[in-house]
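One chain, chain A, appears in both complexes that follow, with chain B as partner in the first and chain C in the second.
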Partner chain A sequence: MTKLLDIKNLRVEIPIQGGAVHAVRGVDLSIDRGETLCIVGESGSGKSMSSLAVMNLLPKGAHRSADRMSFLGTDLLRLSHRGMARIRGDRIGMIFQEPMTSLNPAYTIGNQLQEVYRRHRRAGRAAARDRAIELLELVGIPNAPLRLRQYPHQLSGGLRQRVMIAMSLMCEPDILIADEPTSALDVTVQVQILHLLKDLQTKLGIAVILITHDLGVVARTADRVAVVYAGQILETGTARQVFGTPRHPYTARLLDSMPIPGMMRLRRKLQAIPGTVPSLTNDFQGCAFAARCDRARPECRTTEVPLVREDGHGFACLHPETEARFAQKAGV
Partner chain B sequence: MLRYTAQRLLVAFAVAISVSVISFAILRMSTDLAQALAGEAANQEQVEQIRIAYGLDRPLPLQYLDWLADLFRGDLGQSYYFRSPVAELIGDRLPLTFSLAISSLFLALVIAVPLGIIAALKQNTWIDRACLTLAVVGQAMPSFWFALMLIFFFAVQLQWVPLSGGATWQGLILPVVVLAYYAMPAIMRLTRAGMVDVLASDYIRTARAKGLSSTSILLKHALRNAVMPVIALAAVQFGFLLGGSTIVETVFALDGIGYLSWESIQRADFPVVQSIVLLFSLIFVVLTLLTDLLNAWIDPRVRG
Partner chain C sequence: MALPAFTLKPKHDSPRKQVCDMTAILEAKGISRTYTLSGGMMKKSSKLQAVRDVSLYVNRGETCGIVGESGCGKSTVARILLGLEQPDAGQITLDGQAIASIPRAELSRRVQPVFQDPYSTLNPRRSILETVIHPLNVHKVGDAPSRDRRARKLLDQVGLPKRSFHAFPNQLSGGQRQRVAIARALALDPDILVCDEPTSALDVSIQAQILNLIQDLQRDLGVAMVFISHNLGVIEHVADRVAVMYLGRVVETGETRKLMQRPEHPYTRALLESVLTPDPELGLPDLDLGRSFPDPTNIPSGCSFHPRCAFRTSVCEDSAPEPRQIHGASVECHLAGNLGENRLATVD
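Moving on to the complex of A and B:
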């Protein structure tokens, strides 16, 4: 069976004064129908850039390249602007981190919901309105007909994110890309939105690419996980593999830095990762994490580290963690 | 929207009243009206007679109310110089100034808004810079010089349009061009700045993620949000064009309000000056009100 989305060696460069920021450096991603793929990483790790590159929504000047980027057999790299616009919002939906500013303040919710349906489905006003009401109810917004007439500023952040989700699902896309959809929301609302996404996914059978820095979110939602760092994937596998037996030291350190409910009683200390993310302006040798890694040896800094796979669990490390070491440390 | 409109109307009314008080006060403070009416040769007794005859001896608030009542009846007083009603003088000249202002603002908008949009889309390219140059030249060039240049080329050399006077519509072409070029730079640059801002906003990214067409993104989603400050600016400029076309009216020998006010200031024809000040203040009040309402119609957040 062909993959829904299949990306090989994705690179994104953003030219700056006297050089370029290599925001994404050779990322492979793929997703099947109905699957949830979580891309985890710190700020500036290139996780958002990767998804924007798929949508061809990169900021002006940024340049993407890849060996392959196919969506249901269509080569996205060769697609015209028009062709891509036909896929966006129809086959691939996207929601963003900032629900407060992602809706146009000058138009009603109804207008903005209906417009996407009318554009892709050539539907009439009445059909689009019915569809909008249906979707608002699906994302758990009561009193939908009233909401259609309201403007974004009359809605709370959580409601606006629900509207964004409804909007991205108007045309029943195959993939929903959610770029940090809960980061800007209150904790209680975060949980609701995540539940909603999970719920919708099972109902509609859509694939979800969830981009987040929140490991708790990943643990709760992911089928598969890709851990990105400095524009590269350091570890990938099922949620069970990556969380249960992390092989890359970076993943292990990330998990150490995550509070686990109940663990505090056991006097487990939260561990910060020393050092900072390497500058992305120059090309570096060896492993991107070497400078901050306590397992690093001299060869880590000099040799290119390939992503090796064992049973679909991939990691780019010359001296991977052993299972026992982590299990003992994190108490999982 | 109804509440907002009522609110704005109330504010506009309050401003209009204050303007009338100030306008009334300016005239009373500028000179002794009785003396002015009686003329240089009159003796003290005659002046006092006139003062009583015209009610100028009564308390100022009462005089103000009288004046206000006259105003509502369309009586703006008599011009010292023309010896004819001020309302008539202004009424004769207003249409010319008004059509000048409207046509030039229209021309400025029609050119400046599209150029501003193009400059924003082609940000930091030669197209953007060409637009900027056009704007800087327009801002830097004195309008009287530009007017003279136009007269020299199009009226004297090519003889396409009459040399001066507003008797025919052809005579208005050059003044309209001069005024439009005066109003254009600010509108263009504000449109550009607004569009640059809006195009980088999250909701434009959303619109693109929805797969909307470029036209829809630009005209529906971007322009409507970028155009609000432009409307406010255009309203102010319309006010300036109405009152501030003095130089252009003078250069082209157009007998409009600007020319009249300039003459009247020179002749110390206070009733005329006062009425013109009052008229334009009120026009500004009305323009501001319209701008507020238009912006509220465009942006639901303003309605509150």
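Moving on to the complex of A and C:
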């Protein structure tokens, strides 16, 4: 079976004065129908840039390259702007973190929902309106006809994100790219939106690429996970592999830095990762995480670290961790 | 003004012991705040009840956490505690003195804020050092060299490298900016820090750094804190006591550890369950909260949580619950104590 989306060795460079920011450095991604792929990383890790590169929505001047970037057999690298515009919003939908900035405040919800459908499907006003109402109901917004007449500012954050999801699903895309869809929402609303995404996925069979910094969201929703850092994938595998037995110290340290209820009963301090994400302007040698890693040895800073795979669990580390995390608890 | 603040000496010999010394430094009694929203032309204006009869206290050297969703009134409480907003009813006392009677300058010296987005609260045209010196200038504390010394010491204490002292906010990362905001808040040696979602804009690894920093500073300086967050995991890490707010009311309050082990209010349970731990075996929690959203302009009758509550009975729809004492916590729920075992409490 062919992959829905298959990307090999994706690179994104953003020229700046006197050099370039290498935001994405050789990322491989693929996704099948009905699958949830989570890309997790901190800010500046290149997770958003990867998805923008797929959509050809990179900031002006940024350059993307890849050995392969195919969507259902179509080579996205060779596709014209027009061809891409036809796919974008139709075959590949996208939602962003802050629905307020992606919704146009000057137009009603209905107007914006219908525009997508009328443009891609050449549908009439009435059909588009019906479709919009159908989608709003699908994403759990009651009183849809009234909502269509409202402006974005009249809705709560959770509702706005539901509207964004509805909009991205207007044309029944094959892939939905969700870039931090719940980061601006309340925790209880976040759970509802994640449930919604899961439900829609089973109902419609779409593939979801979920980009987030929240390991909790990833662990609870992902089929497969890619942990990115400084524009590279450091660890990838199923959620169970990556979170159950994290092999890369970066994944392990990220897990340690999460405040988890109950942990405080031991009065344990949070394990912060010292330092910050490395500058992406220069090419570094060796492992990108070496400077912040407590397991780093001299060779980590000098030798190229390839991604090795064991049972589909890939990690780029010379001195991997072995400690199991939640595995023992699984029987409880 | 004299220079009492210039030594970064703890205010108390043992700040941890201080928790036992139950004298409230900041106390809010029955505060309420209602905003009038204009409905536009030809429409009726509506009332938004942001805070409804809330009582809170913060002891010396202690952290009081406030947790709740957006629209629950937690930020309004923060603004009222900071004196940025006047409550319609109720009173706030700082060390026994009504804050309405404290001069503005003195109040701002004794109660300092740390907000969520350090970028929008730092002046982009001021260097880091100038930013921290500024409050000392405004309040005319000490002379120029001593202000400079104090600012440098604070910046060092919050973990900023010396080479960044002359940097501007846009040259710093989010975590570093929040460090600057914390240093600035501490510059005047306040009695109490009001932190409104100070880590929500940060990455997890950086959030951990900032939370640890806040805890270290509190241990070293003995400053009391009100810490507002929507994340119970974060609250648990910093707060000694926690107040759970829902639609302008404190629905449950108690000692953090006990409250986390035995949450009695259904809303507290839902909040606790919605903290997604990175355990791949668990899947998404089923919150049972229904589809309705809390709307502070239209507060339900009876218990304001009843439309979303899975346990509701007819009593909940009719009468508002009075706070009840259960296991040392104060809970506003008709059914408190009779909800059965919490799903989370057993995992441990």
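One rule holds for everything that comes next: the second predicted complex is superposed on the first by the 316 of 332 C-alpha atoms of A that agree within 3 Å, B and C clash if a C-alpha of one lies under 4 Å from a C-alpha of the other, contacts with A are read in each partner's own complex, and residues count from 1 in each chain.
By definition in this document, contacts are C-beta pairs under 8 Å (C-beta built on N, C-alpha and C of every residue); 3 or more make two chains touch, one makes a residue touch a chain.
All values reported here derive from a predicted model rather than from experimental measurement.
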Taking the superposition as given, does A:181 touch the first partner, chain B, the second, chain C, both, or neither? neither
Larger residue footprint on chain A, choosing between chain B and chain C, goes to C
Now for A:276: first (chain B), second (chain C), both, or neither, which partner does it touch? second
After lining up the shared chain so the two structures overlap, which partner does A:216 touch, if you call chain B first and chain C second: first, second, both or neither? second
Using the touch definition from the top, say if A:173 reaches chain B (first), chain C (second), both or neither. neither
For A:240, is the partner it touches chain B (first), chain C (second), both, or none of the two (neither)? second
Taking the superposition as given, does A:253 touch the first partner, chain B, the second, chain C, both, or neither? second
After superposition on chain A, the chain A residues reached by both chain B and chain C are none
Residue numbers on chain A that touch chain C, as the complex places them: 42-43, 140, 142, 156-159, 186-192, 194-195, 198, 213-222, 238-240, 242-244, 253-255, 257-265, 269-274, 276, 326, 329-330, 332
Along chain C, where are the residues that touch chain A in the complex? 69-71, 173-176, 203-209, 211-212, 215, 230-234, 236-237, 256-257, 260-261, 270-272, 274-285, 287, 289, 291, 293, 344, 347-348
Residue numbers of chain B touching chain A in their complex, please. 201-203, 205-214, 216, 220-221, 224-225, 298-301
Chain A to chain B touching residues, read off their complex: 55, 57, 81, 84-90, 93-94, 96, 98, 101-108, 115-116, 119-120, 151, 153, 164, 167-168
